Each structure stands twice: as C-alpha cells, then as structure tokens.
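Heads up, the next two complexes both have subunit A, just with different partners, subunit B and then subunit C.
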Partner chain A sequence: MVPSVADAAEPRLELNTWAVLRALIRLSATLELQYPANFFASMFGTLFWLTMAVLTVALFYSHTTHLGGWSFWETVALLGVFNALVGVVEGVFRPGIGSLAEQIRHGSFDLVLTRPVDAQLYLTFRELDLWRIADFVLGLSLAGYAMHKLGRPLDAAHALAFFITFASAIAVLYSVWLALMCLAFWLVAIENLPTVFDALFEAARYPASAYPKALRLVFVYLLPVAWTTTIPASALVGRLSMLGVVESVGVGCAALLVSRLVWRAALRRYTSAGG
Partner chain B sequence: MSTAALWARRYGALIRAAWLVDLQYRADIALWLLWGIIEPAVALGIWWSIASAAGGDVDGFTQLDFARYFFAVTLINQLTQAWDAWSIDHWVAEGEMNYRLARPLNPVHEAIADNLAYKARTGTIVLLVWLLAAWFWPIVRLPVHPRRWLLAAVAIVLGAAIRFFNGFAIGLLAFWTTRATSLIELQMALGVFLSGQIAPLDLLPHPVAVIAHYLWFPYVIAFPVSLLTGVGDSASSVAHGFIGQIVWLVVWWGAYRLVWRRGLVRYGAVGG
Partner chain C sequence: MSHAITAQDLSKHYRVKVRDPGLRGALYALVSPRYRDVTAVDRLSFQIEHGEIVAFLGPNGAGKTTTLKMLTGLLYPTAGTVTVAGCNPWTGGSAFKSRITLVLGNKQQLLWDLPPEETFRLNKAIYGIPTEVYEAQRTELVDLLGLGPLLDTPARQLSLGERMKCELAAALLHRPTILMLDEPTLGLDVTAQDAIRRFLLDYRARHNATMLLTSHYMADITALASRVLMIDRGRLLFDGSLNALVARTTPLKRIELTLAEGATPEQIARFGEIHHFEFPHATIDVPRDEATRASARILMSGAVVDVSIQDPPIEDAIRLAFAEAANTERPPAPPLVPLVPRP
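For the complex of A and B:
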C-alpha cells in the first residue's frame, strides 16, 4: 500500500517526543558538567537558605508550641517539601517555561514553533538547571530528618501518598507557571512575570492553616499555591485522608488541562513579535 | 550659577530621567512591590496567629502592635530599599561603567537620583495601600502625632542613606569579584532577622538581639519603625537611635569612598 501524503508529513511524532526529551536532558547535563564549581555554589546557597528558614521557624516556635495545629518538626518537614519544590521550580520551570516572555520579545519563540515537536514540551525541557537538584535532595533530606525527629518512620502507604500528592503539587505549580507565562503573549512589555510566582510562593513556606482567616482567603483559596506544600507535607506526616490524596490527583489533572487550554488559546492569537 | 543651583539642576535632570525610565517599567515595578508587601504580610499573619493562640499577646506584643509594626515595616523597608549593588554589578559586567566614568559627574549621583524617583513612586503606593487598609481596619491607624512623624521621617532618610552606601560600597566590590551580589544577598538574608523584618527585635533570642544592636541593621528599619509606631520613643532611646544612625552612616559612607577610590585605580589598570 502506498503511504498517503498525510502519513509522510507526520514523521512518527510519538517516538520523537521521547527521543527529543532524552536529547534535551543529555544536552543540559553536558552543558552543566562543564561548570562543576556551580554545584558547590548551589549547594552552599541551599544550605544557607535552609538554615535561615529553619531558624525563622524556630523563632516562631520559641513563642508557641503549635502553629495552625502543626508542631515544630511537622512544619520543618513542610519546609523540606517546600525546598524540594523550589528545586523543581529553579531547575526546570524557570530556565524552561520561564524563558517564554524573553523568547517572545526577542523573536526566538518563532524558531521554537517551527520545530517538528510540541512547542510546550520543547519549551518546558529546553534548558534544565541540573545543579538545582541540590535543593531537591537537601529539601527531601530535611523532611526525612524531621520525620525521624517526629519518631514516625515512613511506611509504604504514607510514602505512596506522599509521592502521589507531591507529583500533583508539581503538576499544579507547573500549570501556574505555564498560565502565568502565557500572559506574556498579551503583555509583551513585562519582564518579571516569574516575580508574581516568587512573591506568592513565599506564603507556601508555612502550613496553610497557620494564617488568620482573612489572609487564608487570599493565600490559600484565591491563590492556591499555598496548598502545594501543605498537601504533600500533610501526606508525609499522616494528616491526609485517602480522599485527600485522590482529590489532589484530580486537582493536578484539572490544572494541567486548564493550563494546556490557556496555552492553546494563547498560541492561536500569537502573530509573532513583529506582527 | 551658584553651586547649589547647579546641583539642583543636575539632580532635577537626573530624577526626571530616572522617573521616565521607571515609567516604562511600571508593570515590573508593581510586581516587585507585590513581593515587598507579601513578605511582611506573611510574617504578620504568622505572628497574628501565634498571638491569638497565646491568648492575645506575645511577650507584651498584642495583635494590634503586630499589625501596626508590620505595616510600618512594609513602608520603611520600601523607602530604605537599595538595589544598587545589582545595578553596579550589571554596569561593570556589561561595560556600562565606562561611559558613566566618562561623564563629569560621579555615578553615585545617578544612583541617588534613581533611588529618589523609585522610592517616591513605590513609597506613595505603599502609603496609599496603608491608608486604604486603615479605612476598613481601624487598628492599623496610627495615633496622630506630628512631632513623632517628623522624627520618623528624618530617621527614614538616614536609614535609607545607610542602606544606600552599604549597598553601593559592597556593590563596588564588583571591580574585584563577580560574586559581589552573592555577598549582598547573604547580608540581606541576615538583615531579615537583624533589622527587624521578620519579628520585632525584642522577640529575637537575647544573644541575637544583642549582636544586632552592635550592627547597622536595626538603625535602618527597627528604629524608624519604633518612632513611627510610637513604641519605645523615650528621649534617651530616640537620642541613642539617631546617634547610632549617624555613626553607621559615616562608617558606610567612608567605606564607599575607600572602595570607590581603590576600585577606580584597579579598574583603570585592568581596562587600560
């Protein structure tokens, strides 16, 4: 049977996606390995920031025993989760999807669009700051240490619940980044869109229940980034029900879907920087 | 033309230019401002909850005290903020220092004018937010006290000057190293504790509070905040605060002069 023209124009995209992904990650790794000193700088920076963050929590707990129902070590576990998520944000989101505004302004986004691979996928993994894995590892280590201090060894059920909710949290954060960066299609002049995220993510350092009602309304319900640390940390310390785990998966999937729709809508009206 | 009139003209032009540049970036400035408001809001939220759980106050600080304290911190942090270390780093790295040195005017004046224009804009916005909040939320209203407000205004100007020369001097280390901004970030992280941004100094562990009082940090934020909110405004603590401010202003101004002179010699030697 003679293949139709349409078949020929679709050169096995399914397979390509994984090959492209692997190639991009390999490329980032090769680039980063040239600068091993950056790993130590990143490591030192992370240790310093973690120390400061733990000291801040210790300061709060020197005047109270519980914050929004969370004990000191439970909040430290949450801080560890926060730092692991910071590693994902800094290592993947900021260098990848975070570069969208700049690419639109400089016109290099047009080159991304001409590639025979999904533009969102390509942009997401275009560049990885692999040394930020230090934040990820140190964050999870801190959470592990806090669990040890709480005297709650992690059983398989809790570990699984944590893994699922953590993945959902990453999905939500990614969706927030994608939707936020899509604003660049409309507001070309704004350089610091990620700053909005940075500012709001500050509120996610502490359990959502630690805030008074009025602020909780803003941080937690209006701008739901605060949940992205509270939910996985709750699963870790055993505060989350089975239903909560299932809900988090639903929220994660819904967020990905909505952000994908926003992305498609934004692309449809994109007419290149000069247009 | 008299010297004063000449300087007035120079500053007029520099501030006008800075104002117009900022106007281009007004959306970015609004986003930075968001950060400057959320950080103290988070701290206020946490202390508010702690005070509420403790039955109304933490070591004598009531919820009302915390609310006024962190509104004042937001305003004063904005008015004393100094980003100059990052711009100097950029000037040196991108070669933009060269044409600034070719001008018959020390670049420090451009930086001061930038600060005045930026702070006039952002300070006004924070003040408006505060007034709006006070409209709906009476406890963040400050008792009317013009004499204290005047003293607070002077303390804010001195605090801004300390932070400016501190940032400028450390930023000028960019003549020697590419890591000058890391140094200023390190200092900023310590400053969050030592200047009273995360908590009133009295709530810090005693040794930390003692160390803080031997450094310049409390004179930048905690002292003007105490004047504005009227906590601890006895004549002796006011005098102590202003003396500390003047001492640290002289120290950091001297550091800036020293680093500037040495740096220029070195910069010339590298570029020449």
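For the complex of A and C:
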C-alpha cells in the first residue's frame, strides 16, 4: 500500500529527555549484564585498593594523631567519600564524556549532533560502566563504618547535609571533567587530559587542611578539589556549618553553569570550523 | 509548495595554519602562526524539489561533504543561506532534526555490542516516536530490508551489507522526509549495493522523500539519481540530468564491428574515425546523433556482419567534464552547461 502524501508527513514527535535517559541506562544495563564477571573483578579491585589506602592512612597516623586537624577515622570517612566519587568518575564520566575526543576523531559525533537530543546529555550517559557501582557502595560503606568507629550515628540533618554536599561534589567533578574533555575541540591530541584530571583528583584523597596554606587556597578557589571530598566528608563527620552547605550548592551550580558555557563555546567552534 | 532544499550563494572558507617543514618550521609556527584561507565551498546555489533524488558528483576534496554538513546544520556557512525542509538548519532545532536523517557509509550509529533492535529502541526514545507509529515504521523497514533474522544478532557479528541495512533502518525509523546519504553503499558487494538501491527507491516512492546522495559508485548514481550536481573546488560545474552531462562531454559514440571476410580499413574509415582495427574486430567513433544512421549504413555496405553501439562509460564522461572544467580559466569559471533556473 502506498500511503498518501498526508501519511508521509513526519510523525508527531514528543521529545523526551527522561525517555532518552531511561533508554540509555537500560542499554548500559543490558550490555553490562552480559559480562557479570566484571562485577566481581570490580569488587575485588576496589576491596584491594581500599585496604591499601586505609593501610597507608594508618601508616601516617602511626606517626601523628591528626592530619590537618582530622583524626584517623575522620580521614577514613573521607577516603570512603573519595572512593564513592571514584565510582562515579569511572562508572559515568570516563566511559561517557571521556569518549568525546574519540567520537570527534571518528566522526560519529556528527551523527549525535544531527539528532534531536541534547548532545551533552546524550554523551554523558551514552555508556555507563555500571559495575563500578561497587566502588560507590564500598566507598560509602567504609565511610559508614568510620562513622560507627567515631561513635557518631548519622542523624537526619547530617545525612541531608551530606547528601547535598555530595551531589555538589559530583557536579563539580563533572564540570571539571567536561571542561577538560572539551579541550578536544581545540586541541587535536588530548590523550593527556584525563591524566591531568586524575592527578588533580588524587589530591582530594586527603583533607584539604592537610596541605600547605598556598596549595589549600588553590584547591578551594582555583581548582575546586576541596569541594569534592573535604566538604562532603566534613558534612558527614559534623565539621561543616549550614553556610558551608549553602556555599557548596553555589559552587556546584556555578561549576555546572561554567562547564555548560564551555561546552557551548566548544560546539560553536566545532560547527564554525570542522571540515 | 516550497522546495525541499534551497541553497543560495552558499560559501565556506576555512582558515588553516601553514607551517614550513621540519622542527624549525614547527617552532616558528608555534611562535608566530601564519594562516591561509581555503575556500571549500564557493557560492553554491541550487534548489531540490520534494521527492527528487540528486547526486553530488566531484573528486575528493571538491566540497561535497562540506556542503552536506552545512545542509544538516553541522557547519555554519561563511556566507549564504540554506533552507532544508522549511527550516534553517542552525536554528531549526528538534523540528528540523526530526525531518532529516544523515547516513554516513563509513560511520555507524548501531551500538556495536548489542543487537540492532536496541539501537532502534534508543532512536524511538530520542525521536520521541509514539509506539504505534514506531511499530508501523519498524515493521515496514524490517519487511523492505529483510531484516527479520538480523534483529537479535549483535551488530558486530553482522556482515557489512547486513549492518548497512540495519543502519538505514535505524536512520529512517522517525520517517524523515529528507535523506542525506554520504556513500551509503561504501564497501558493499554488488548484491548488497543493489538491495540498498532498490530499498531507497521504494522508500522514496512510499514517502515522497527527498534524497541527496554522494557516492563513488557510478551504479548508485545511474540507478538512483534523476539529477546530478557536479562540483569541483567548491564550485558548481553542472546541474542537470546525467544524460545531459554525458551528451555534453562525450559527443562521440563508439560502434563495435564484427568484420566480414575481406573488409579493409579504408572501407571502414568511410563511416567514422577508426579507433581500433584487428580482423575480425574493429571499433569506430561517430558523432552521437549520427550513430544509428551510421550503423545502418555500415551494415548495408556488406563490410561487417554485426554492429553494436556502445555508450562510453559514465566514469569517462565525468572525468572529461572535470578535465574540461580544470582547463577553463578561473575565475570566473562558467558552468559547462548554462544553469537553467528550475521551475
């Protein structure tokens, strides 16, 4: 049957961000479930890494009782937060936006841009390494255990403060990662950019106050490392004021905004140059 | 009704960094970069009607892909205007993107480790296709392309031809009315190429879709395109039917002869210019519009037992057209055939 011209008109389209998000997450789950061994590999890797990290911190504390004003179990709680964020970086950021340079080089980015979907959103969730949820869960479990050792059960107010500052931390990390990856639009070879990010993020493994003052100022104001682990961990152990929580929300929102502007500038450059 | 695609004085200039060879050149370029302007597309103007299939012809670097990218909104032009499916590609947003599709023969959108069905479902979400429309369109595409047995096989296990069919299905689920096809049959065997061509013609018939196509396979162009846009170094050299292009560039036709016993070159030379003579075969060139009459006369003369009129390969016609254009003084390079404004 040959449809009439009226039938040939395009179907009515209802563009739905949530539907795309759901579809992408479902796809990643479908893909990852094919390789369940990855879950155990990820689990054992994380357990090993966490043990080593705790032992290193214990080594520090065998010489001192406080690191930048933080006690042993407070630092372990921070380590747990750090590891939970590692899970987000490895599970979401690296496979998603991390593939940007490759997609630009291979030209598949063009196909993304011709579809009615926000390219940033699509790239962010295009591929997820869902088994890295092990890092996330084990990290938060370690933080919980440290809280137990500190003898500070988490009340609702602290839990909420932690949840908010942790979300801001993810926003900050995401923004730094996105802005760095956007450099792919200007520079051709960017293999070293993830290394820059890793080096920076590595600094978040210890409380910001443990660093010399100059470096501390850099981590707070210039490279927002302090906002990624120190602030949420402070909220968890009850070191953060209400103002700190509000500030972290401000920093998170500002970071997202700036990175979105960088993204748009990058896209403008891509479409005006290219070839 | 407005045109499906309109381009008016479309131009694209790039600034490219130039540097001298060697380490010295590299250092110098770092300190004081120099730039050169490259014109990729130079004042292209054309209109394409709804339901037309138009092929872009041109050597590598002619500006075909740059033009396609401007028409799909991937590149901003330096100058000129474009309207595709009633939209400006750069401001048309989702409405524009939902009316077009871009298929790149050397790039894929299929999810590599998953069956094509998963890509289809993702596109359903991306284009927000209502379930009943999706089911109808999916059924149609699966039937037309014969995808049934392929749908649950991971894309990486499909052959190139099977994968291209699935690519096309994924790109057409939202029922676009404008198809930009960049080398859609690249690397496919003859059977698969033929299947893709038949499908595209069928899709056009069903949906009155407009197609803009680039291909290095002449068979794609002859089977699909009713019209060609020939571009070289960013300029439009020819806009018209393939037959008109061939007639314009190759005014001669070649006649293959099977000679009768005792036929001599002198006898044969009376009918046309001898290209090759080796008993019992010979070929002669005659003016295109005299070919039929000449063959009749040769047969009557008794010097031959069989004749067959050959069209020169289209590749030759196109090669000649580009050679002719290259010899033309530039600028201003006049088109080979006056560009008649289309109705």
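A few points about this structure:
Operating definition for what follows: the second predicted complex is superposed on the first by the 247 of 275 C-alpha atoms of A that agree within 3 Å, B and C clash if a C-alpha of one lies under 4 Å from a C-alpha of the other, contacts with A are read in each partner's own complex, and residues count from 1 in each chain.
Here is the rule we go by: a contact is a pair of C-beta atoms (placed from the backbone, for glycine too) under 8 Å apart; a residue touches a chain by one contact, two chains touch by 3 or more.
Note that this is a predicted model, so its numbers are computed, not measured.
In the superposition on chain A, A:D198 contacts subunit B only, with no contact to subunit C. Contact with subunit C, but none with subunit B, is seen for A:L111 once the two complexes are overlaid on the shared chain.
Applying the stated contact rule after C-alpha superposition, one finds that A:T56 touches subunit B and leaves subunit C untouched. Once chain A of one complex is fitted onto chain A of the other, the partner contacts of A:G68 are limited to subunit B, with no touch recorded for subunit C. When the two complexes are overlaid on their common chain A, residue A:A19 makes contact with subunit C while staying clear of subunit B.
In the superposed model, A:S241 makes contact with neither subunit B nor subunit C. In the superposition on chain A, contact is made by A:L187 with subunit B only, not with subunit C.
By the document's definition of touching, of the two partners only subunit B reaches A:P212; subunit C does not. Common to the subunit B-facing and subunit C-facing surfaces of subunit A is no residue whatsoever. Remark: subunit B residues 24-25, 27-28, 31-32, 34-35, 38-39, 41-42, 45-50, 52-54, 58-59, 182, 186, 189, 192-193, 198-199, 203-205 touch subunit A in the complex.
Note for the complex: subunit C touches subunit A at residues 14, 40, 66, 69, 72-76, 90, 93-94, 97-102, 104, 106-109, 111, 113-114, 118, 121-130, 133, 137, 174-177, 205-209. On the subunit A side of its complex with subunit B, the touching residues are 41, 45, 48-49, 52, 55-56, 59-60, 62-64, 66-68, 187, 189-193, 195-196, 198-200, 202-203, 205-206, 210-212, 215, 219.
For subunit A in complex with subunit C, the residues that touch the partner chain are 2-3, 5, 8-16, 19-20, 22-24, 27, 30-31, 34, 106-108, 110-111, 113-117, 122, 271-275.
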